[in-house]
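There are structures below to look over.
Heads up, the next two complexes both have chain A, just with different partners, chain B and then chain C.
And now, the complex of A and B:
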């Protein structure tokens, strides 16, 4: 067993490297569709469910269906039955970058002991309220701070985080525009 | 009681209109900070929590702390303990647009009976795998389909949905770029 073999962050890097090679010659298989359904409850309170997705030329189901409640807080005169929709973006970003750090660390032979990300999204709510048309509706900016304990130098840890950003689906989705089509059926 | 007064989608539009007027003269109070923390569990499995936020010049807490699990599915050689990070973006988008529809409907005197959104995100995973540097990491596009039962014409329902997009925090965050800063502390 080499030093790198003894590193275990719980990521099967070998399978990911094999998938990368396999999908280079099979672009159709690489086309995934992720799905969710949102149902209106009352007011701005909604319930969203996620179960099915497609990819590798087949339909799949997560092991379990997940349900997510969203609402607005009481300071917006709402019922606060769950977090706000925009907070779900922070959950997605923090989990994506952290998963990437674990994967890159495994690939580089760096043993992680703990990773914690703290996220802050700055939001001027005059946009969504229509109080000032020069203010955007979304975040003015998001700050992510990582606290990482690993068998590596600060420089190597910073390089892990940089590589995770470079390959992060959610970091890309937030920092670059995505085409969103909305229709009524 | 007028016809509009009898409409009840559970949204306190009066409070929102008052907030809009009040915040026009108090831009500092309109600055909200939404927060989350993500903790690495193992592999690409993470747990994120959301509880505190700031706004209206004070610190606040949601009524309850919410916890969200993310993971990758078994087809990515992972443990599928929860949905993927990029699926959280669909949850945020569906809940934000649906909340907006309820708010706009209330303001326009349209009684909603049911609203359901189906979301699909197209994702070419060659990007995140590093199999093709021309493929982006995030979604190639997202499609949202609304099925709405309301006391209104199809045209009025489509106008509701259009106005919701125009004021949606998450729709803006996904269709326009946001500055994301990542640091190691």
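And now, the complex of A and C:
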């Protein structure tokens, strides 16, 4: 375990492994609910906030409330006060996969020096415009390119990236259907 | 029957209960073309080896039945055929076993009913429209019995790839839905890949040395087929046959089956694992005496992934007439009235020693070693487990 102990990617893998064991026998504590609220500003400009969530049988709050501004670009005839909602999906996927790489690397005793992900989502906007009913609204495909500098072989780095996808919440949410309920209260 | 062999050796009075005939599941619950994944020379039972002319071949099901029949005759196992166990209950001094032929009282019970009693079919199958015929490997015999037209095979284990190949060859276009899978070449450096698993010691790894035992015990069977040509049947071979690859089946919505967009990653995982396995083989060979007899190390072409995979399939349009659920099997312990089965239907045991006193198990994946999954794995397992049982009886 010397190799594992002497490397530090800043991930507390021991705590995660302990949580995994503890939650095996307590599935109810593993149920988390994440929340956000979105307020309409004007036009297609919105402000979303994220502060509280629940899990491990209790309510929790982040250290600070986070605010996310979304809008649409000027080429969409909008005010461009912030990024497009669909770009937030890239943000979510990139940060989830990168966090996964750090965690898996820590667990496998691989010291990371730098990790950079570049994401591209291919989007045919005729879908959202209703210009062609055969075109879907969402991404046609997403490409993620990782540039990783680490004390490991190319094969080990590829295995890190593959394992990170296997355990990624956002990768799963994007690649598999999710039941979505929208209601007016 | 392997247990019986060692019980007899230790003069422990016992009976073997069999619901049908000897080798029942091999006679009735397998498709026509199936052959063992292990080469004949590897088919070993205690005191009984393959003695035929083709040690590198793979037994057909009638040959397996003959092999096990001969073993039964050789051991003189006290088998009561046509006896279905309906209940096993704990008593003060052992167990009461109820069968459709009457009751038995015994001090110990060895559960050897297997890991593949029922096909495991995902819940999403319930939402498949009625016009699509749904089969499991237990119902499937040969492609000729399927309706003409497209077939979706779900699952890319040995079962899934074998059925996908033979159905595609019958002229029915096959779509194969693949989740995590285990890629293997049939032959590596001139030797059967299962020779390597045996010789390099992978199969001798003990259950308490396997890093993630739960995962090892639920791993899909490798993408192998036993043929005269010793052909490899990986996803590239299926693509060459014209099979269309899609991701894991996720859900049925509005009559459409939706597939995961994660196919590329499960394929990458399998390719990386294969390379690690071959590297381990090569490293072992360098240290062994056989290195000089082996062909040069090689690496196989990465699995080709379609540029864009299909994410949805209309089940009502008539393009798919049949779905074959090659999604694995699970054991059936519905007759076991002892609280030793977990919420996922798995037997709670430590290397075949079940949590209930005097209760034992044999013939489950990675029971005591990685090779426990295969026929030849039973000898060492049965010897160990019966030794424990004998010790329990004497204590």
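Methods note: the second predicted complex is superposed on the first by the 184 of 185 C-alpha atoms of A that agree within 3 Å, B and C clash if a C-alpha of one lies under 4 Å from a C-alpha of the other, contacts with A are read in each partner's own complex, and residues count from 1 in each chain.
Note that contacts are C-beta pairs under 8 Å (C-beta built on N, C-alpha and C of every residue); 3 or more make two chains touch, one makes a residue touch a chain.
Note that the structure is predicted; figures quoted are calculated from it, not measured.
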Query = With the two structures laid over each other on chain A, which partner does A:141 touch: chain B (first), chain C (second), both, or neither?
reply = both
Query = Any idea whether chain B or chain C touches more of chain A?
reply = B
Ask   = Taking the superposition as given, does A:16 touch the first partner, chain B, the second, chain C, both, or neither?
value = first
Ask   = A:177 contacts which: chain B (first), chain C (second), both, neither?
value = both
Request  = Pick out the shared contact residues on chain A: the ones touching chain B in one complex and chain C in the other.
outcome  = 140-141, 158, 165, 171-172, 174-177
Note = So, in the complex, the side of chain A touching chain C is made of residues 140-141, 155, 158-159, 162-163, 165-166, 171-172, 174-177
Message = Using the touch definition from the top, list the residues of chain C that touch chain A in their complex.
response = 180, 247-248, 250-251, 253, 258, 260-262, 265, 268-269, 272, 275-276, 308
Query = Tell me, which parts of chain B touch chain A in their complex?
reply = 9-12, 15-16, 19-21, 23-24, 27, 30-40, 42-46, 48, 50, 53, 55-56, 60, 62-63, 66, 68-78, 80-99, 101-103, 112, 114-132, 135-148, 154, 157-158, 161, 165, 167-185
